[in-house]
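Take a look at the structures listed below.
Okay, so subunit A shows up in both of these, paired with subunit B first and subunit C after.
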Partner chain A sequence: MRPEDIVFATVMLPLLGAALAFCAKLLPKGRVASVVEYTGALVGLGLPPLVLILLFPVVFSGQSVSGVVGQWFVGIGITFRFDALAWLVNILGFTIGTAAWVYSLGAGPKGPAFTGVFLIQTAALCATIMTTDLFNLFVCLEIMGITSYVLIPTSRKAGATLASFSYLMVSASAMVFFLLGTYGFYRLTGALSYEGISNGLQAISSSDTVLSIVSLALLVSAIAIRVAVMPLYGWLPDAHALAPHAVSAVLSGVLIKTPLFALSRILFLFPAGMQVGELMGIAGGVTAVLGVVIALSQEDAKRLLAYHSISQIGYVVAAWGMAISIGVDSPAGTSLMVAAFLHAFYHALFKGLLFLSIGTTVDVAKERNVYILRDSIGKLRAAGERIPVTFMCFVIGALAISATPPLNGFVSKTAITYAMKGSLHYYLLSAAAVGTVASFIKLSRIYWPTGKRGRLHPELGVLPGSSANPQTKAYGLVARLTAQSVLAVLCIAGGLAAPHILTIIGTLMSRGGTNIAVPPILYSTDNLLKTGVTTLGGILLFFVATSKIGSRVLHTIRTRPRSFQGLFVSFSLGTAVLAAFLVVGKI
Partner chain B sequence: MGKRKAWSPTLQACLAIGAMGVVLLPVFLSQTPWPTVARDYLMQYGQDESGARNLVSAIYLGYRAFDTLGETIVLLVAVIGTMGLLSRVESLVNTVGDDDNTIQTVSAFSLRGDKRSSHVLRTHLLEVVTGKIGPIVLLFGFYVMLYGHLSPGGGFQGGVIIASGIVFLALGNQQDNTSALSKSSILGGIESVSFLLFIIVAMSGIFFGKGFFGNPLADSAYPVGFIVLLNSIIGLKVGASIGFMCIAMMGGHD
Partner chain C sequence: MVERALLLCLLLIGFWGVVAKKNIIKKIFGLNILNAAAVMLFILEGNRIGSEAPILESGLAQVVDPIPQALMLTAIVIGVCVTALALALAVHLYQITGSFDIETIRERIQDET
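Moving on to the complex of A and B:
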């Protein structure tokens, strides 16, 4: 087989697995059906990583596999390109996807239909990052979207369907404008592949420049909705907070980042891509700060995590946008891109870990309010967890997101701030780090003991979603704890092995096969001092936030008006601002 | 405060429409001549390369079949989501009971025949007519599906016609003689198996050296066979999915 055939295994194997899972739905419930379903999951989640290992030498030497699907004429077929970026995002997707699927075995939603849709989502991720065709990108984004709309309400929580519906409405409307942008580019250049469009754009007359800029703005803002950058974030908190825990982990770990990295393929090639990067970078910095402020005000544990996803994606977007505005072929740009991907990857690990461990905790305690829930360790022990694994997992995740050395969050956040020292983004992100520490102190209160003994209710001991059969119950808990522990170990390993990982990602991102990224200095006195100051600032901020005035301010933020139509207004205004920014920059 | 609430949505709508209108103006005002590369290429080589006289099907099942796979998946997942919602509405009705009229009316379509208040509308006349028309519609659907490479039509269009044939058969069910095609287990089976077949056919090109989604019959005398095959698979899948969903909405899914 040629390499062109092998790279599509990352898309086709999950789809094949999904088809098997759907066939399992036909069989009568029992051993055979489960075997077929699990075979599907193994084919879809287990085999593609082996393919990726096979492809590693190719991408590591700076080469890429590209071509046209079905070997048709390039001007009319669908072009694709499997390079280092695609390889890295695939690794991210399969790591988190596998962990989340294992967790779902214990926590639900179970069943062949869930497995099938989940695998289709994974396939869509791989296809999105590989495509270099604008219409194919549209199709991939639609599949990614529709699988999320279907997976979010499977938690059967009140409001989950509405959250999914608002996401569907705003995202579907944005996709209409994405299509209009595609139309604009096709009208101008007669091509749909990125290379064809960028070649065609060099020949257009000056009167058509505005059309090309508007088309780009339409594409970018439709994708920005999926990434949940600041003015366009409104759909995310409810959707991520009310989804099943395993789906939340994938949504905020993988799904909001893949479109961002797919977008970078467009921005590398198109004129005005650099200005888009500049504006997105600033938006990312602002997102990081505002996201954490709103997160600090939340009382629902999972919604607090959801706002943190917005804040952390702000870090990624800030570094990513700055990298594109500098130019990704310069050492500084490459370093920023490496840092952006590293943080995307590490955020997926620790946020996945946090969503899963908090998920287990709130399932056991049947209470999600941060102000009410206390002594979760005791409740987990009553549920059959002899060693407080969930608590330890939470601590690792919380320390990682608060950038405590030597965990992975410290490495990636230091890599980002090291590369952007002295810029406006640097100060924004430093401020966001203080808020992160404060809000995780707040969240960790759910594990604090109450001081009063004997308040445990016996009925708390049963995990929802598991039957009364003790064997099934133990099995469910094992699946949950396995997924959590694996992610926790990866968080620690990602921190300890940071120099090697930085070299590998640096080489992969450098395109030429040699590492041109500047490795950040991780454990300098400066950085450790900054970590100390940030932590102290966080503790201080926590006490301010719990004071009388602080909690009144937070209450105002929490109960700020949020409306369905606000999503559309912010989308259209955001698009207009982006288009205006680009037009002014061009003239 | 009350006054502000009244005009605030209007203001928001005006803002959104105004901003989008200004942004979209250049898209519609463009005077650039239309691109001709793809058109010329298709005119010259389209029929020879794909074997299809209907160039639309040459595009969506030949040159851009990967996109079509994506659209099929969107439909598949949408049906799964709809079925999930329907089953939830039904369980909601069952738990609330028949006293609550609001929920009853909202979800009446998902109730079983004898519980449905619109049951009276299903007259004998309707049953006889749909029962007789059903097979003819089904036949026409298969025609549109199988001749998609020659005349306007294809898998998606044929599939929808097949689905309406299935709905007719289901409506025409009289007391004892039930068509197997209106059983949701059969339809679900067709749907899942045709999806599996689609994936296998998509991968088949790899083993003939034509690459992923390549046409394995490209060098044979009948390259169009690939398009006919894909059209049939898509037609069966679309027909089964939409028929399945309609029957579930009529309350016939158990």
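Moving on to the complex of A and C:
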């Protein structure tokens, strides 16, 4: 079997699965419909990983599968490229996607329509990372966007509809500007494939340079909205906090990272790409710090997690931007890129785990306020969970995000800071790490026992499928706990098997080993000492934050004015700053 | 040149509608105007090398560049999908809050939670 023949299966199989799911929607509800729907999910989420296994030898040897869709002529057809980057992002997408879908069987939203839209989103992810055609990227991003606007309000919360509407308006407007950027490049070079544009740009006159820079700025800011890097993050907290738990896990695990890695394909080739990387790297570092400060001030458990997604994507963007600004072909650049991907992947695992376990907890307790909710272990037990699996999952996730060895978060954060030692980013990210520890101590209070004085909650929710609720089928609870446990095991395994994983990703990213990335030394005294200091700093910060003055400051941050217009103002300003930065750099 | 200036005006009107109008239906109008401006800009670009419709018949020489037209067909379809979805969300918001005003909607939803 030639790799060219199967490479599209990663996109087509989820689409086929979606078609099956929609067929199931046409059938009358019952056993047949369920079988068709689950077959669709199996085809869409279960088979593509097998295809990826078949493709592994190809990408591991540094080759890539590229060509034109449908055997059209080069210059007319849509070009694509399936390489190590695409393979890695696919693995990320299918791992989290499968776990989230299994969780949704227990927690909702259920039904063939949800499965269908979810699978279309998965297909769009795979297509986004494979394409090397500017207009095709626009289409893929729009499909990804449209499916998220549909999935966010399925939680049936009023706020979720508003969040989805705001996201739709800001993102759809930004995509019009993306289209204008595409127009600029087409006008200058007459090409749409990245390679064609990059070749064409070498021949343009200096008077056209400004147009090419403005076009690039428009493309980058439209994508930066999806990535939710500061200052374009405004849509994310509400959308991620109010979406169904399974959708939240995918949104913050996969959907904010795929556009970032797809953008790197453009920046590798275009002349001003390095400068874009430089500016975005700084924005990423700032995002990491500001995100965690706002997270620390939140009272809604899921919104706290949502702000942490912003903060953690800041880590990824900082490393990614620095890698591009120093050139990914240098060993240092490759190390940074490896670290960026590793953190993106590991963040997806532990943040997915946190969203799911906190989701189960708040469903049971029917309370999301971190300041009110206490003794969740007892509540979960009362709801029918005999072994505190959810609590253990939360602890693993919280320790992983706080970078505690030997969990995966320690590995990826160490890999990032190791590669950028001494730079501005390094200090920003170290500060963010302290805030992360503090805010997870704050979040973990929802599990603290309250003793006898604790309030009793007679109106507790009951987990569907548990022994306390015999009417519902048993698979609900099993599905939830399976998804959580699998992610928890992956978090631990990702930490323990770190040396092997780093070697594999390093080889993949260095395109066949021409410029092997230097693997970081993980368990050196320095790193362990730094972890200890960070943890102590976090505990200290937690006490400062709970003091009277601290609470007042956090209250001010939490209740800062946020408006619909603000989303657009920050988009316009962000684009203007980026364009100005690039123009100044050129002259 | 005058066409481009007019399209810029259209673009700015659309953007202003999305940002400044309080009524969410008018915001959706704004989004459509914004989209239309981008579509027409592409069509204008294809017009630079010829003006005949790109349907290949004998005796046609000066056809427009067909690629922008093909692209915009896709962009229009996507625009329609997004508009339909935005309207569905607007109706849902109206059912929940009884208002199309973005500020009122935000206040009423915050009061609920």
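Going forward, the second predicted complex is superposed on the first by the 564 of 587 C-alpha atoms of A that agree within 3 Å, B and C clash if a C-alpha of one lies under 4 Å from a C-alpha of the other, contacts with A are read in each partner's own complex, and residues count from 1 in each chain.
Just so we're on the same page, a residue touches a chain if its C-beta (ideal position, glycine included) is under 8 Å from a C-beta of that chain, and two chains touch if they have at least 3 such contacts.
Everything quoted here is computed from the prediction, not taken from an experiment.
Look at A:Ala172: by the touch rule set out above, it reaches subunit C but stays clear of subunit B.
In the overlay built on the shared chain, the residue A:Phe135 is in contact with subunit B and with subunit C.
When the two complexes are overlaid on their common chain A, residue A:Leu15 makes contact with subunit B while staying clear of subunit C.
By the document's definition of touching, of the two partners only subunit C reaches A:Phe564; subunit B does not.
Which of subunit B and subunit C touches more residues of subunit A is settled by the count: it is B. Of the two partner chains, both subunit B and subunit C are touched by A:Tyr183. By the touch criterion defined above, A:Val102 lies against neither subunit B nor subunit C after alignment on the C-alpha atoms of chain A.
Of the two partner chains placed by the overlay, only subunit B lies in contact with A:Trp72; subunit C stays clear of it.
In the superposition on chain A, contact of A:Ala158 is made with subunit C only, not with subunit B.
In the superposition on chain A, A:Leu211 makes contact with subunit B only, while subunit C stays out of contact range. Contacts of subunit A with subunit B, set against its contacts with subunit C after fitting on chain A, overlap at residues 76, 135, 139, 142, 146, 149-150, 153, 161, 180, 183, 186-187, 565, 568-569. Taken together, the subunit A residues at the contact with subunit C in this complex read 76, 135, 138-139, 142, 146, 149-150, 153, 158-159, 161-162, 164-165, 168-169, 172-173, 176, 179-180, 182-183, 186-187, 192, 564-565, 568-569. Every residue of subunit A that touches subunit B in the complex is listed here, in rising order: 1-2, 4-5, 8, 12, 15-16, 18-20, 22-23, 25-26, 67, 69-73, 75-78, 113, 116-117, 120, 124, 127, 135-136, 139-140, 142-143, 146-147, 149-150, 153-154, 156, 161, 177, 180, 183-184, 186-191, 204-205, 207-208, 210-211, 214-215, 217-218, 565-566, 568-569, 571-573, 575-576, 579. Every residue of subunit C that touches subunit A in the complex is listed here, in rising order: 14-15, 18-20, 24, 27, 31, 34-35, 37-38, 41-42, 45, 67-68, 71, 74-75, 78, 81-82, 85-86, 89-90, 92-93, 96-97, 102, 105-106, 109, 112-113.
Against subunit A, the residues of subunit B that register as touching in their complex are 9, 12-13, 15-17, 19-20, 22-24, 26-27, 30-32, 34-38, 41-42, 45, 49, 59, 62-67, 70-71, 73-74, 76-78, 80-81, 84-85, 88, 185, 188-189, 191-193, 195-196, 199-200, 202-203, 205-206, 210-215.
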